[in-house]
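These notes concern the structure reproduced below.
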Amino acid sequence: MKRTTLALLLSAAGAIGFAGLAKAETPVKIGIVQATSGGSAALYGVMQKNGAELAIDEINASGKLGDYKLIGIHQDDGGDRGQTVNVFQRLINQEKVAVILGPTLTTSAFAADPIAQKAGVPVIASSNTAPGVPEIGDYIFRTSPPEAMVFPGVLAYVKKKFAPKTAAQIYGIDDVLMKSAYAVHKKALESEGIKIVSTETFQKGDVDYSAQLTKIKAANPDILVIGGLAEETANIVRQARQLGIPPSTVIMGANAAISNKLAELAGAAANGFVVGAGWFINYDSPTNKAFLDGYRKKYNSDPDTFAAQAYTSVYVVADAVKRAGGVSDLKKFRDAIAATKDLEANNGKFSFDEHREPVIQPKVLVMKDGKFTLATD
Amino acid sequence: MSGAKLEVWQIAKRFQGIVAVDSISFTAEAGGVTGLIGPNGSGKTTTMNMITGLYTIDAGRIALDGETLSGCSPHEVAARGVARTFQNIRLLPDQSVLANVMLGTHLGHRKNILAVLARLPGVVREERAAERRCRALLDELNIAHLANVPAGDLSYGDRRRVEIARALATQPLLLLLDEPAAGMNHAEKRQLGDLILQIRSSGVTVLLIEHDIDLVSKVSDHIVCLNFGREIAEGTPAEVRASPAVIEAYLGRDDDA
Amino acid sequence: MSAGFSQFFASYSNIIDLCLLNSLIAYGLFLALSANMFSLATGGFMALGAYCSVYCTMELGWPFAPAVLAGALLAAAGAALIGAPVLRLRGDYFMLATFAFTEVIRVIALNWDSVTGGAIGIVNIPRYTETWHLALAVVVMVYVVFTLRRSYFGRAIAAIKQDDVVAQSMGVNVFAHRLSLFVASGFVCGAAGALAAHLNFFVGPGDFGLLRSVDALIYPILGGVNSLAGPIVGAIFTTLLPEALRFSNQLREILMGALVVAIVLYLPGGAMSVFKLRRRRPQTPGGAKLAPATKQAQS
Amino acid sequence: MSTFLQQLVNGISLGSTYAVFAMGCTLIFGVLNIVNMAQGAFFMGGAYFGLEAAQLGLPAPLALVVALLGGGLLGVLSELVIFRTLRARGGHRWMGLVASLALARMLVGVAQEAFGTQVQRYPASPLLQISWEFGGVRVQFLQVVILVVSLLLMAALAFLLQRSSVGRAIRTVAFSEDVARIVGVPVGRTILITFFLAGALAGASGMLLGNLFNVVSPFMGEQMLVKGLTVIILGGLGNVPGAVAGGFLLGLIEVFSVAYVSSSFRDAIGFGLIFVILLVKPNGLFSSFEERRA
């Protein structure tokens, strides 16, 4: 019993990969490592998988890559970095993928990216915004703008418009993304000479922020900076207003809070919410419109910033495949990715800088009547 | 080997305000068999649990060979040479009879954990000696043929024997038997009586808690009778059987004797 | 042939490592479970072992072996510290108290940025843990458990597990035995935490929460708490299952849950109980509800 | 002062959701001496049942009934599939923990398949936007509604347990299954009803919390399960009034540790306190100490 079960499991484990092999075209295998199960990581894992798969379908259908056919191989790591490493090893050594998109969590990236780096397989992340990810090695890229690229611009706008003197911060202390966003926010506030009068934290899965917000209310800050994901931010904004934090207190969010969910969950309370982003849903460009139409048609819902960034990642890959003339030489392919310049993406012109970070035009957005709109001075 | 003298002075026990045992005193002389009788709920098992340290006592003192026993935890009591059986037989049902009895040799082992992990020759010798001793005990109790049978598969009478063997494996100075005859038929009771006398002859002090007055009278040198947590009679079997208080306590309730 | 092997190893080395690591953890829990301690302290112990060993290797520049030992000893010290009060608690109260320990350690790790890096964790940890280290640790544990089981310690522990009143009455110091097992469990989990920290370049507080502690319990229970091989079987099964079911994508969680439920229902004594096809004895009537939970675990 | 009162309101409001959820957990324990780790998933399931009903246009009270029934149904399912089978096979109680955890994971997977991973919310109603301010203390209409509904559920359960024949049967089985059998209580059915009640309470609290905090997600049950376990142990396992008191107490502990110590150490303070309480009162805060009889 034991032996047969084990044998079965092993053979099943080995046999998984051969699913999408062998077509007439030259395949370009893309590993998509996104958590689609395993708790809150699945929230943005699913969005990125959707965004990437949409882009793969579009590119294959358009025929713009000629004989090259993109094959997306999605693997769920369950948000568990042990599994992320398993998946990376198998994608690299067994599937021989040309590039890996992901992983969902920064912690997974720290564990798994070194394997790809060592094997010389490029990795493009679309949700790791913590410092230190591209520093793992020269094969590691990301299309998700780090908070430090976005927030100072937003704060400058708020400072100019509202002249705040004091600020309160609240952030997710057990989330890598938010912990690093918090540090960026704090530094920016300090360098703008805004006094931080209250700092509060919350944890993943929390739904009640009233205790923290009551404390913040008592400190009466001019601005409230939230380091949270869209769902968390929405609830914090809503509860802040319910508890009577006045509209004169401007609420600002992190890049990751860009999502239509925010307006949906926070309702009218979200009006006046300020956030910076590389991408936003109402960004007016043909590329973004095509993305939105395609996404809504395929998934019957709205994309968020993670879906948008994963979508961009695939276009970066396609562009590099074209310029490198295939992926038979991964070094050449990597160089082509690194050389990405002014690619027409859903958030404007997209390039990588010399640190393999995205170069985008950060935009300052204000929530108006349930829609993110570009801030006007 | 010679047994130890057990002295009990005015011990008492309450459970949530209800008095279970109220000031009992008696002595079990070294090398003798003392019977502790009384109707159901008279406090016999509570007394036994106080002696073995399972219950803390609320008042009084217990001493073994003159040294205080009360206040010791159960394993310390056992280390002082007190072994017991249980009213509702408590064997480890999945384990073999031999393994159950071997548990009784626990205190006899002297080797430390590192020696055990290294399986030093001394450890192996100790284990073998313990096993030999237990097999000899099983032999004495006529259950050697059951050594490898899981304890849970045994008949009622055999389980009682295994429990007694386990208690004897601790090489006790004082053996407490809690209603060993419960559920036994006449033949089994007779065998049990012989066994108790045999244990007595080896020098071990025995405190026998029992319902069955005939059995107790047959094997005891001395009997203490309890009712409602109090001592109502004490003396030789003949004296206790003649006591009016004992007759009254048992009158009409003598259903299984 | 050797090329085939090296490709296999490159593809699956981490799975092998994880199977071994989880087996080690499973034996750590096996020690606790063998005296009825349903411990959720695993996450806390592993965190102590991981952070301490990483501090030793990265900050103090110690070699790997003493660092692992230091981590394991710190976790054992933690176990000794909480063990004395917590072991007085029964069943589910014990479970919650140990979980509280894990949570407190996790919150400290989240807040003590200068040592743990907070939520961001510690990155670029040198990879010192080799597959053979893990294999050796598992072999040592198998030997220890095997040897203990045939000694008087083993008999005492088995008695504590099934009926601690009997064990006490036979002279077994139940508290001391349980405390030593709890400390040993802490030591093993601490060592596992130290080895895990040096396996994948990174540690963070998220690695050591409730999920980790619950998974660690599931390994030996699923494999069988009465069998020497139970922990390994349970750990390997639970580690391979998500890999084997990866093809099923979204349905994976559902299938995994269903499989575990099926095993529990058809082999309620754990997977290894399949080798013990002994007939079930009728339960003694009365007291079934209040009887020690361990009674009649096999089918 | 107003900040203190506001925090008190926050704590009571949070505590009421804990209390309703914990009642279900403790009920199961009281009757069967087991912890059902799938209660968190029933909580999540109830929130989705209520959400579906509300989206179909059912008024909130009816949606709550749907959540109750839905949660109860899941409870019954867990008894029929897992616990009954395990009892019949004489499985170790740890197996019940493992199996109910696995069931919880399955249900989370199913919810993810059916409703997606994204957070959803209940339809907004203008009625729910109302709030009052008393000297700087904000009280929302919704908080009051939920507190009232929670208290009603507690009262209903208390009435059911103390006054009805079903309650008598449940209490008898809780006292001893054997005694229940002897006096002719249908044990199997009573246990099934207990599971239904526990699931229903979980489901109802799922919808209440979902409404109060505007959150419905497949993962919402995991944290609640931890809170529920904490509460029932605080209140004494199997002690229903203890669970209610423990629920409010935990809500207040959490809120006040944020208010007067630090939000970063909220859980450490909460758990540290529980640790200490257990050391002083090993059977929970609301139980009288009873010497263990051998």
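Remarks
Chains here go by letter, A, B, C and D, matching the order in which they are written, and residues are numbered from 1 within each.
Everything that follows uses one rule, which is that contacts are C-beta pairs under 8 Å (C-beta built on N, C-alpha and C of every residue); 3 or more make two chains touch, one makes a residue touch a chain.
These numbers were taken from a predicted model, which means no experiment stands behind them.
Using the contact threshold fixed earlier, the set of chains in contact with both subunit B and subunit D is C. Traced through touching neighbours, the fewest hops from subunit C to subunit D number 1. Chain C has its Cα centroid nearest to the centroid of all protein Cα atoms in the structure. Farthest chain from subunit D (centres taken as the mean of C-alpha atoms): B.
Just to note, of B-C and A-C, the chains joined by more C-beta pairs in contact are A-C. For this pair, subunit B with subunit C, the centres built from the Cα atoms lie 40 Å apart. Inter-chain centre distance (subunit A to subunit D, centres taken as mean C-alpha positions): 35 Å.
In whole angstrom, the spacing between the mean C-alpha positions of subunit A and subunit B is 72. Within subunit A, the positions touching two or more other chains are listed as 36-37, 173.
Residue numbers of subunit D whose C-beta contacts span two or more other chains: 109, 112, 264, 267, 294.
With touch defined as above, residues shared between interfaces to two or more other chains in subunit B number as follows: 54.
Partner subunit B is touched in their complex by these residues of subunit C: 144, 147-148, 150-153, 155-156, 158-159, 162-163, 165-174, 180, 226, 278, 281, 287, 295-296, 298. Residues of subunit C touching subunit D in their complex: 33, 38, 85-86, 88-90, 92-93, 96-97, 99-101, 103-104, 107-108, 110-111, 165, 210, 214, 217-218, 221-222, 225, 250-254, 256-258, 260-261, 264-265, 268-269, 280, 283, 285-286, 288-289, 293-294, 296-297, 299. The touching residues of subunit C, when paired with subunit A in their complex, are 7, 10-15, 18, 110-111, 118-121, 123, 200-202, 204-207, 233, 236-237, 240-247, 249-250, 252-253, 271-272, 274.
If you check the complex, the residues on subunit A that touch subunit D are 36-37, 39-40, 42-43, 45-46, 173, 200-203, 205-208, 210-212, 214-215, 217-218, 231, 234-235, 238-239, 242-244, 261, 264-265, 267, 301.
Contact residues on subunit D toward subunit A in their complex (touch as defined above): 3, 6-7, 10-11, 13-14, 109, 112, 116-119, 121, 124, 131, 133, 136, 138, 140, 209, 212-215, 217, 219-220, 222-223, 254-256, 258-259, 263-264, 266-267.
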